[in-house]
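Shared between the two complexes below is subunit A, which has subunit B as its partner in the first and subunit C in the second.
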Partner chain A sequence: MARLDIIHLTKQFGNVLAVNDAGFTVQDSEFMCILGPSGCGKSTLLRMIAGFEAPTSGDMQIDGESVTALPPNKRPTAMVFQKYTLWPHMTVYENIAFGLGLRGLSRAVIDQKVHDSLALVSLSGYETRYPAQLSGGQQQRVALARAIVLEPKILLLDEPFSSLDAILRVRLREELKRIQRRLKITAIFVTHDQEEALSLADRIAVMSGGQIEQIDHPSTIYANPQTLFVADFIGAMNLLKASAQDGVLRLGGKQLTAPNGIQSSDKITIALRPEDLMIVPDGTPDAWKAQVDQVMDLGHYRKILVDVPDVGELKVYVTKSMTVNEGDRVSLLPIRYLIYQNDAAPIEVNRPAAALT
Partner chain B sequence: MTSAQPPVSNDFWRTTRRSFTAMIRRDGFGLLALVVLALVILGPLYSVVLWAFAERWRYPSLIPTEFGFKFWEQTFSRADIAAALPFSIVLSLVVTALSALICLPASYAFARMRFRGRQALLLSFLATNAFPRFGLYISIAVIFFRLNLIGTVPGVIMIQLVNTLLLMIWIPTAAFQGIDRSLEEAALDVGASPLRVFIQITLPMVMPALSAALLLTFVNTFYEAQGALLIGLPRIVTMPVLMYSLINSQLVTQYGAIVSFVLWLPSLLLLLVAQKLLRGGYLTAGFGV
Partner chain C sequence: MTTLQTSPPSSAWSRWRGAILAYVLVAPPLLLMVLLIFIPALQSIVRTLTIDVEGQSGFSFSRYVAFFNDPISVSNLVFTFQIVFLTLIIIFIVCFPLAIYLRFAQGRIAAAVQILVLFPLFVPGIILCYALIRFLGTRGTLDTVLSIFGVTEYRTPYLKPDAIIIGLVWESIPFTVLVLTAGLRQISDSLIESARDVGAGDWTIFRRIILPLITRPVLIAFSLNFLGIFGSYTVPYLLGPAAPQMMGVFMQQTFGQYRRPDDAETQAVITFLICSLVGLLYVRTVASQRIQQEDE
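Up next is the complex of A and B:
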């Protein structure tokens, strides 16, 4: 419904920079997730967009118009909170109709809108219930209906499903995605749950320590984390200390293919996804010898922990068709990894397909 | 057709008996506590009610030998009672209203604002209850005497206000503090102005506690005797003050009994009305039950 521009937005609490110079644009009908560990400033950022916190500096614009000076009740945003925030003394109908009534709509129009919004969140017929008579999942659905019934330009969601159990969380997530697609509403969703972010978002903004580390499509974030923090935070990752000298990359006595342009340094980190370590036949050139310490069956795949001499313990994902037992000796070949050096963007290394055969 | 139906009443008694014995077995101590509590609370009331309707009750009979309303007529034909009853009711209403006017904004401030000395101020309201009241009243009476407030209505109102402060500040403060701020933020978020949020969201949610505070304040004021006695006499006589003098200086026991019985009624009525007006469980919630 609308575009949101965040421009050099900063929020300082005392000496703490909760949000440090955030700047990005959320496009019309885009679903943006702000992902980060607790205390990273993601909620503060969302609360500034809603108007509950005043920024220390910077600007927020919706469709090109600044909303920074507007109080929350004058902003074209609507929020779904982390806690259950239905008003306990009002029925479901009254909760949803409250905001509509403030807009001076006629009784018939309000009736219709409340009815439609309840149908949208699959809670038709619950109009006369009180919040205390609803389950947690139902309460959050009503809260969602209460927000979208106002047809806000931007829908804000502050970890709305975090207090629900895992199964319900996944179901509501799918439902939210469907509703967002249908209404083509611009949405910003704050979460610390990467699975939630990866499955919901058109784009993810990863935050850490008040700083936005990277904004990208979920697949890009996963495949090409631009900082070490993102590499460590998103998905499972093996982070290994390495050094480079005269164009040769060394990792605990092993030599790795180094791309051009690598500088001599002993502060290099190699990021290696568990699925990018292949078990190969013994004798394959450049393969690492390892011993399997632990095998964990995770349904459709197995996670194994292997000990590589001089390198340490690594996580490896293998398919179920492959028989691996604890104590086995295997050969591993890294087929793709990222090299991080001096806070610069990582260098990606893909082993040529020929090396695998 | 009727013969096919099971004997309902028989069944009812059987299940009642069964659940009763089950209750004793499950929670014998609870039942014992209930009986003791009932005796301690209802026993004195029972005696007062009997005396109020007794025309003749002499040792050693356990209950009065003659019941009647003779003493009721006598009691209510007394000029002092006819004057004191309406005065007491109006006085209690005025004190409750004034107390609410002063204390409710204060309790909102205590709950929502962080200022220097907040904790100390809040605790200071306990002070009036922490020491023997009478000492406090005497020293206040000395000041009131100089200000010519002894024996005046404003004087009595002021001394009774002192008594109401603790309840009227502490209960609403706790209630305002108990409200999740995000409920108010949610209302702001859908477009309500701060004033509307207060009236339509905050106030209804603290209403149970506020009602409890108002009710307790009214009842406490209505029964307050020490302060009213010390500051009000000789010109101002409230019902409890009158009851004291009737009990202490009259040979007729029934006067005192009838007056105490009558003194019950307002609080009983108020409680019943409150229970009717407020939704089920609303009032008890206010008392923290």
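Up next is the complex of A and C:
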């Protein structure tokens, strides 16, 4: 239950900038996810917050007090690691009680806290088991209990569920969210799994190449990715090369509505979500003719791949109620897209609803 | 079902062939062990327990009674134990920090330390002994250097028990550090980091996390070093005092100089029995590791 300020934090390994001038604030009881591909510096950032890596420059403050100079055992943080986290020679009870014992608490207090924390992760009755006698999911729940029992100000999680299977991962994710809400603990969760980040986080920090690309609410990140990297990394996206000249936006042989302020350039990228391409009746003005190459049933919706002459292959999501078959010719209308130019924030284009009817 | 019952006869044959091949491969070393170690050892043990009275041979502990009633024999046995345990204690005091350093340190200095640690492995014992005599002896290198700095009361450990311990520790460092480092590498970083994370300092981490997780490598290093040191000959012979003697030197002298092969044989059997107890500890440690690995 605390606020964390990351101020101009940089970490350099040799001549590699693992984290480059990161700066953000995690609010009290907020659940922040740091999301990025492997090697983007997200784990290094988390390890600096935990105290396992010393920053090259910058500062970290918890509730306004700098912790940068403190070793991990003196920081009010607790970390859940990716795997091999439980001490194999200790029982579940001993694993959880270890940190409490170091704090010189009485046996009765330790007993109570261990039992409470095990109840919290739904593992009451597992006190005498050894880690080798637990499943992977149970082990990570014990690791979570071991971190939480110390009542840290900030809970740090380094891809804690990445070595578990998909179903278990989703279940533990829900459980973690429930526990975090109940304890109102400030949490920072590192992951490369965007679904995990989108479903867990109050805010997501997307990282790439040591830089923080964008920090926002999950829905904003999805709807308004501020950089091309975020646009490509989060969710499915059609990225199309385009050019602009004299206020006209050209995509292959097609013209698109160009917003004001667009500069003449041949280095423009248009980002188009698959759900923002609508199948419209033939003859709709500005619609693109396309041929359906592939139809994939994805449960509650269908993903189709269409070939648009002069543009290329596009992903489109359609509802189950719509009958589309491979080889069909359809008309597509982009109803919303983002235009990226010169590393600047994207320009959003929404086709007025009237144009659809 | 029928296909199962008439499973190809070749599978049974190939199983047989595999078994035969295994026995053939195991046979030569097994035969050598039986012919050169087990049978002579058994013969020795039987001989030391036999007594000839007027042409009649009978069972007797008399040779062992004689050994344990002889003050020199007993003092040599006690001396051997003292040297073994002191040496082992010093080996672990020296090797633990080295192994921990090599497990966690990176870079050029660590690589250099690694080479230095392994160096004694490539120096034959006899060369080591003469090098130590030149270095530690009266008017040796150390004495000379100390006298330059005005220290004139240097008393050489040469021909004292201390010299044996120095030689044996030097010889045992590479193997011990290798075994301990290998054990330490099995402990993943996150186990140590999570201990630090919940508040443990270096000493607590060593005592409560690292030490319990490397009991097996420690037992292996302990038992193999014990065997090597208990039966050592060159180092105590060249560097140690004339009396008391370690069992290896004592046996050789009883056999070669005093020409009492019977007594030497008794000393050998006693040494053998003590060492086989420690050998048993080693075998049990390794076997429990195998079982655990198969479980995983």
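In the analysis below, the second predicted complex is superposed on the first by the 357 of 357 C-alpha atoms of A that agree within 3 Å, B and C clash if a C-alpha of one lies under 4 Å from a C-alpha of the other, contacts with A are read in each partner's own complex, and residues count from 1 in each chain.
The working rule: a contact is a pair of C-beta atoms (placed from the backbone, for glycine too) under 8 Å apart; a residue touches a chain by one contact, two chains touch by 3 or more.
Being a predicted model, the structure only gives us computed values, none of them experimental.
S.K.: Could you check whether subunit B and subunit C clash or fit when both are placed on subunit A?
M.R.: With subunit A aligned, subunit B runs into subunit C, so clash.
S.K.: Return first, second, both or neither, reflecting whether A:L164 touches subunit B, subunit C, both chains, or no partner chain.
M.R.: Neither partner.
S.K.: Of the partners subunit B and subunit C, which touch A:P71 in the superposed model: first, second, both, neither?
M.R.: After superposing on A, A:P71 lies in contact with both subunit B and subunit C.
S.K.: Could you tell me if A:W87 is touching subunit B, subunit C, both of them or neither one (first, second, both, neither)?
M.R.: Touch partners of A:W87: subunit B and subunit C.
S.K.: Once the two structures are superposed, pull the subunit A residues common to the subunit B and subunit C interfaces.
M.R.: 50, 52, 71-73, 77-79, 81, 83, 85, 87-89, 98-99, 102-103, 143, 146-147, 150
S.K.: Touching subunit C in the complex: which residues of subunit A?
M.R.: Against subunit C, the touching part of subunit A is residues 50, 52, 71-73, 77-79, 81-85, 87-89, 98-99, 102-103, 132, 143, 146-147, 150.
S.K.: Note which residues of subunit A are touching subunit B in the complex, please.
M.R.: Interface residues on the subunit A side: 50-52, 71-74, 77-79, 81, 83, 85, 87-89, 98-99, 102-103, 143, 146-147, 150.
S.K.: If we count contacts the way the header does, which residues on subunit B are in touch with subunit A in the complex?
M.R.: Subunit B residues touching subunit A: 180, 182-183, 185-194, 196, 200-201, 204-205.
S.K.: Quick one: in the complex, what on subunit C touches subunit A?
M.R.: 188, 190-191, 193-201, 204, 208-209, 212-213, 296
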